[in-house]
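My structure is below; once you've seen it, I'll send some questions.
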């Protein structure tokens, strides 16, 4: 290919014409209504460049991608206190499993399964204030887009259906590992997940992860902590498909049931893809395929 | 022994002088304050007789014993609908386990583990109204004691600490097997568990289980349904100590963390015992010992 | 009904004409060839009476029913040493589950799941000699039939397919709870399960369980130990259908995948039924139905 | 530092003087006798360079490191057939867990837990012949050391204690996912694990993983397949400490209970470290520390 733009266009076209499969998330009515046949990509380079294709400027619901930003903010406020409360291992189970949590007495396996992200939310509440606002502030600043906001309809729709997360949070409260004010934790968690932003926003917002922690106004994380966040993304960022994603794509990534996936190429760029249809494990079918295509034509794999 | 009264006195004395061990329930402050060195027993005969010893007229918190009365009322309102929602098998796990529930997609293993009793509570709400009131009405009528009431201090204390039960109920709500109005279910469940009554009250209130279902004013359950409730008590009534209790005592029984245990001798009598110290599995140490002594000197074992 | 014979004939006829469902065990070729449309029953009274109907004198493969006789012999050799090695609780899981065993570090939940019966076999090897011979000797003597024997074809067929039991035994050996000579344990276990006997043989062989432990030549077990074995049968005798069997039949029972079921009516009789088709949990469809019919027309339920 | 040799010496010294903790593997007598206070390192560069420090030429027992070579040989014989039989996800459980295997009906979670490696062994038996010989041939050729051999004393010692692996293999045989000739699978697996080689041997033997698959005589794996093996090492190579190792070290790695750890720096080098004392999860304490030190002073982390 002559240029990255040509490559991105080529890969976008390849995936675009593939037969659509997968199913949109159904348990959040406001998300189930999003037109399914969209596919966007944005590549933000460490040099400030931006290459896009398709629906790259349409906002989508971050969902679990917000867990990545929440983790970074919790780490920047002091990693020791956070790691005293949860582990760093892949879970080997569904992202909302209660079994594992019971097995380990309320100590979540990692910050990207729902139990772990609820704990990170609770931690942010204590050390920083409203977790949803903390995440919003980070992504608005790094993306340079003050218009990024919580989709309140999605938040309300999701909060009403959040029985599984309520079970996780109450279980941790019963173990004393999460604050007894469970409804407050759930409110902030749900609003954080309902932040809406585009591929372009996301690629820019996460660019510090490819730049040794350097954000637009200064360090978001130290270089060492940034490497560790990337390591966590690689081992735990795609739930129980983390091993498969590492095998096929070979990049630190974080997905959400809104259909977005972020991938970090350390020292080079951040790629944000989005397509609403999901596979059985909750990851964007088109998004992962697009990343796979890109990596096949580049030396981006960390392996 | 010359008489049942002599035997009961003898057994009471034997257990009374045994070294006290076990620990009171600690997670409900109002229960932790109950004087631990109490031991009561009441034996209500199918002929209307009543034999007692020790602290037999002191009210104690029924806790899980109330699940037995809730089940009987749910069955009297139609067993088919109830059994469509839960199973009849021993759980093999702790009474508040979430693992089992997840393994079986929100369908509780039996009506005496907490998940099952929450579901019975939800069922009673639908078919009969407030579950706590339904239980109160049954035990007041059968015991002939209109003064039996909810200990509101215990109920409030327990409600504030009910995160584990909230986790179970929210999990079932997420599976669609329990009503989404989880707080209402928890309120009724907690108040039902906080009913306070004495050994004498309890022995009388459950006497219908030894009388083929006949209560003071007519049948509470059919003879066939009564046998089935007794079978459920024997296989599931003492949580993960049901096998041990069947082995040692050989009677259908139901225990509660308030320290009470009910045992049914079909065709003969109901025995209610109470002593606050609990063993590691949540059953009254003195109460189970007292039943063991009694059975050793009688032919009451169903085996 | 005029007599027990009339009742047994009536019940046999009722079940006989019901549409056959269930499937024969398939993983043991020699058992899969047994004609499926057989149904036998034998009722041995404590007074020495014998009432039969259908295929009551046709030998069938005892399979797990042999675990009951092995347990009795192990208990008669000293219950303390045995109970130091395993528990008495219902398992809540399939009879050949490895999960439970791992969860409890190689200590089986009860003597009737496969892991527990393998441990009982190992225990008998140590305290009494060849477990299969010990069981044979007991059932021959009590049934008064020296012709009862191991079906060596079934034993060989089963031994070749015993990978699941090998997994259980090796796991326990790895925990140090079973002898490292796993093949020897498996050989004896498999031969014990392959003992073939008829309903008439079985009802007589187990009659001591209805007679407070008294066998043909003297006590097999003490009265107290007999009650305890009956209690174990009731809580654990039909695998993960124990609760359902207690609910529907209300008698201590033990089933085998050969299609046989033994049920004890303490103080009155032992009923042996046999029909090869099994339900999803491995229990004889016709056999359990026949017991249900009988109990509906009698006061035999222990509840 | 002036050179890699200086850096390696410095790191070796730092870890060498740290207080020794951890415990040697105890369940294999022949390994328990190895002097514990040894620490070796070898760095093989893609340019053919070799830098060493400490006990870098002392042979140690590869144990689970052999699983890596077995996987590469199985992949080179056709990845599709292999991946049809097992998954690529981190296990989230101990390396010899049976629970997970039962949960997934005999399909191992990844090729590096014991169940997965037993399946890979079985696969190699079918497609290539004796698995231990296949591994030996690969490491001898790549390391250029025909003296690398199975330590038969370790193999015999381990085979006698291999009840846990026997349980895994028999369980898979019962599911039909592994050949019924379980003893043959176990023999080859145990001999493969008992291969003894030094850090220098290991760093050279695995160098193809840093060279896009190129071995001494030609490609061992394709470049794409090599990236995938590295990805599997990163997500699954250190058992239930994979996440922690990725977080602390950030390199694809594979450890063994003999105290060895291999780490791959794609495009640059392979590092082999060895020290016999293990942490609670079975990984070399000194080895992991030495890798951590090295990475702290270099840009080797893939993140």
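As written, the chain order gives the labels A, B, C and D, with residue 1 at the start of each chain.
Just so it is clear, contacts are C-beta pairs under 8 Å (C-beta built on N, C-alpha and C of every residue); 3 or more make two chains touch, one makes a residue touch a chain.
Bear in mind that the values here come from a model prediction, so they are computed numbers and not experimental data.
More than half of the residue-numbered contact pairs at B-C reappear in one of the options C-D, A-B or A-D, namely A-D.
Relative to the C-alpha centre of chain B, the farthest chain centre belongs to D. Separating the centre of chain A from that of chain C, both taken as means of CA atoms, is a distance of 55 Å.
Taking the mean of the C-alpha atoms as each chain's centre, chain A and chain B sit 47 Å apart. Residue positions of chain C in touch with at least two other chains are not found. Arrangement of the chains shown, judged by which pairs touch: one closed cycle in which each chain has exactly two touching partners.
Residue ranges of chain A in contact with chain D, taken from their complex: 87-93, 100, 109-110, 226-228, 230-232, 234-236, 240-244, 246-248, 250, 252, 266, 301-303. The part of chain A that touches chain B in the complex is made up of residues 97-99, 101-103, 163-164, 166-168, 170-171, 173-174, 180, 182.
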